[in-house]
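Below are two complexes that have chain A in common, paired first with chain B and then with chain C.
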Partner chain A sequence: MNDFAVQFQGVSKRYKYFTLDNIDLQLPVGQVMGLIGQNGAGKSTTIRILMGLVHQDEGQVQVLGRHMPEEQIAAKWDIGFTSEDLRLYDAMTLEWHMGFIRSIYSTWDAEYAKLLLKRFGLVAEQKMKGLSHGQRVKAALLLVLARRPRLLVLDEPTTGLDPVARHEILRELTGAMADEECSILFSSHNTQDVEQISDQIAFLDRGRLIDSSDKETYLDRWRRLRLEVPAGIGLPALRGVIAVKQEGRIAIATANAFEADLPNAYERTGARVQRVENMTLEEIFVANVEHSREDVNV
Partner chain B sequence: MDGFLISQADKRPMYLQIMEQIKQRIAVGDWAEGQQIPSIRQLSVDLQVSVITVKRAYLELEREGVIVTRHGKGSQVAEGVDLGIQLREAELDQHLEQAAKLGAMLGMTSRDLEKRLRSVVEKSVEKELP
Partner chain C sequence: MNAQTSVVRQMVWKDIQMHRKLMASLMIFGAAGLGLFLVKREPYTVLGGIALFTALILTSAFVPGSNILNERKRQTLPFLMSLPISAIQYTTAKLLSTVGMFLIPWTTLVIAAIWMIAVEGVLPHGAIPMALMLLTLPFVNVCGITAMNLVGETEGWNGAAQVIFNSVPGVIWYLITLSPALTRDLGSSQAVWNPTVLTFLGSEFAVIVLILALTYYLQSRKRDFV
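On to the complex of A and B.
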């Protein structure tokens, strides 16, 4: 049995104006991976390669132990996939869709489907045509969740949803994780969602993977230090610090490899550390993108 | 787990919030010594927070001796923990830390701060006298 639900090794895909460059990813079974990045960073391309919908030019992709794209038909029995271009038939009801999926997948859990209908506030007899965006997203999610797939692959599942619908969806996703064999990979630019439910974080920027690690380690590495710098003292470049902004005597240092001694190191230079703050994933996201672009531009 | 709440307005990391709320349950006696507590995965589902975050909270609580985890048997509240005192001491430390920061911003030395604290203590003692 493979310990990874998803594994990318040196995966590249070249388009005329965009290159997905040498991506390595590993999602252990039983965990949730949040894929973060701006629009156009390569999140959807990564997901399409994962699903075998786009073929990589280079590199190995394994999903649930199967090679993609070669074994995609076998792999897809165990994958539940939703994306923004939901393939639902407008003229048909949700009930028809449920029957259709049930007729294909033997793992369909009718009880769970009924429960989801209620929790999502959906009406089975309603035609797709009349549904709001939020209802369509929930309907599509119901259709994949009730199959009880071993891997959920969700492209922007919470984009464009109101806060209540977002919470309903996050609740079902964490609920699905009660099963230790279930894994989720989802993309989002809502960093709050990713921070809340992900075990693993992968950052994409302009086709490159700029960081990937488990979430706790990741958040723990980043800190913001508020410093008071007496006149005549220059702040040295310290290890682990990626940016320092100073105006007058007040400086803010951002560390991406924070260690307990860093505040002392600043104090030794004569600066006074007023505060050491944790950062949210959103703040880290922005700092990380800015930093990685500086590197590229040098 | 309706009493648990991860606050987005709380600037502290989520695992610290979880630790604090578990300690609170133990301190007020809702979770007794030796009592089995929810599994990591169960609490993660209930709180709608990733497994790895709850795992971190449990690991830190174990390190502090608040809970005990046995392989294959889940976690229990440790015997003989007195969290009432621990919690209040932690709270005191937080207040003192805050005071130290404010003092530093005002350019006070630690001796100035000590003097200030002493005079506050003396005043509050006076108030309690009849």
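On to the complex of A and C.
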């Protein structure tokens, strides 16, 4: 059995004004991967390639052990997909949609669907056109979750939602992970959501995968050091430090491969380490993007 | 029945459910046209014929846009494509549902029209081949407009398809009037199936087959679907 729910190897896709460039990505079975990137970073293209809806120009994609796009039909039986721009049929009720999905998937769990209706505060008899954005997102998620897929692929599922609705959705996703065989890949530009439920995190920027690792490693690896630098002392380039911003005697060093000895290394240069701070995922993302763009621009 | 056939069948059934009201309205319009035939006076027969033909042309024009283009415009296509189907199966489902939704009123109205001529005698029997030739034109239309909506995917292509396929019948009507082989037996008491009539009817169905084959070919070459 394949240990990875999703595997991208050297995947590229070229459009006239955008290129998804050489993406390598691996999502182990039973884990949650958050795909973080700005609008236009390539998240949706990556997800569409994963779903077999867009064919990659180069590289291999395997989803649940199936080659995409060739085996997309077999793979999609086990994939639950929803995206921010996915709409249900306005003129039809949620009950009709549930019946439609139930007629296709034998795995439909009617009891769970009923439970989700209650938890999400949805009325099955209501037509889609009468639902708010948040309710539509929940309805789409209900249709996906109640058929118990092995892989959930969610493109910006929390975008535009109020905090309560976001919380409800993230709680259900966490609940879905109680099934150890279920994996989730979801994209977002909201780093808080990703930080809350992800095991793995991948950063995309301008069509490139700039970093990918498990969440704990990220949070351990990245630190910000506040330094006091006496006049006449120049800060050397130290291993693991990707950026140093200095204003007067105060400098801030950002490390992406922090080691316990790094503060000592600065002390040895004559600088005084005022504080070593943990970074939030958002700060890590921004620092990562800035660093990768510097690399590209050099 | 395997699972894949079942998905396509469910998609076709979904489309039919969603267009029931539109289809019923157009059927009523067409049936009203046929009702005028029963008055058995020439102005009513002409009016009834126009209403019948208009109902079929409207069906061929509305259904593809509503059934195919709206999936993209209203962003329901990602929902459908998340189901376990390929682009080719999607094409099959949409062709079956769109053409099928046209064929239900078309078959009913064509049979009724032929019955009106053959049994009720609202027109001489010689008009039967002409009625069939003319009433098959909207069938060609619906296939053409469906194909261009599936392959072109945009409002522009739909507009172009509407212009092309809705203006062609007028030209063909005119060309028919120029052909004595097609018009000379109109008043005959018997339906005359001469070689020109058969060639005309055969050509219409050949065009339909060609359009459907070309649609599959072009859809199979697409690399990006949503």
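To be clear about the criterion, the second predicted complex is superposed on the first by the 297 of 298 C-alpha atoms of A that agree within 3 Å, B and C clash if a C-alpha of one lies under 4 Å from a C-alpha of the other, contacts with A are read in each partner's own complex, and residues count from 1 in each chain.
One rule holds for everything that comes next: a contact is a pair of C-beta atoms (placed from the backbone, for glycine too) under 8 Å apart; a residue touches a chain by one contact, two chains touch by 3 or more.
Here the structure is a predicted model, which is why all the values come from computation and not from measurement.
Per the definitions stated earlier, placing chain B and chain C onto a shared chain A by superposition produces no clash, and the two fit side by side. Of the two partner chains placed around the shared chain by superposition, chain B is the only one that A:A178 touches, whereas chain C remains out of contact.
In the overlay built on the shared chain, the residue A:E125 is in contact with neither chain B nor chain C. Touch criterion met: A:S198 reaches chain B, while chain C stays clear of it.
Chain B and chain C, viewed from the C-alpha centre of chain A in the overlaid structures, lie at an angle of 150 degrees when rounded to the nearest 10. In the superposition on chain A, A:K76 makes contact with chain C only, not with chain B.
Of the two partner chains placed by the overlay, only chain B lies in contact with A:E277; chain C stays clear of it.
Contacts of A:L86 after superposition: chain C is touched, whereas chain B is not reached. Judged by the touch definition given at the top, the superposed model places A:E247 against neither chain B nor chain C. Contacts of A:S103 after superposition: chain C is touched, whereas chain B is not reached. No C-alpha atom of chain B lies closer than 26 Å to one of chain C in the superposed arrangement.
Applying the stated touch rule to the two superposed structures, the chain B and chain C interfaces on chain A have no residue in common. Against chain C, in their complex, chain A makes its touches with residues 48, 51-55, 72-74, 76-77, 79-83, 85-92, 100, 103-104, 140.
Contact residues on chain A toward chain B in their complex (touch as defined above): 30-32, 167, 170-171, 174-175, 177-178, 180, 192, 195-200, 214-216, 219-220, 272, 274-275, 277-278. If you check the complex, the residues on chain B that touch chain A are 6, 8, 11-15, 41-42, 44-45, 48-53, 56, 101, 104-105.
Considering their complex, residues 3-4, 6-7, 10, 14, 18, 74-76, 78-79, 81-86, 89, 223-226 of chain C touch chain A.
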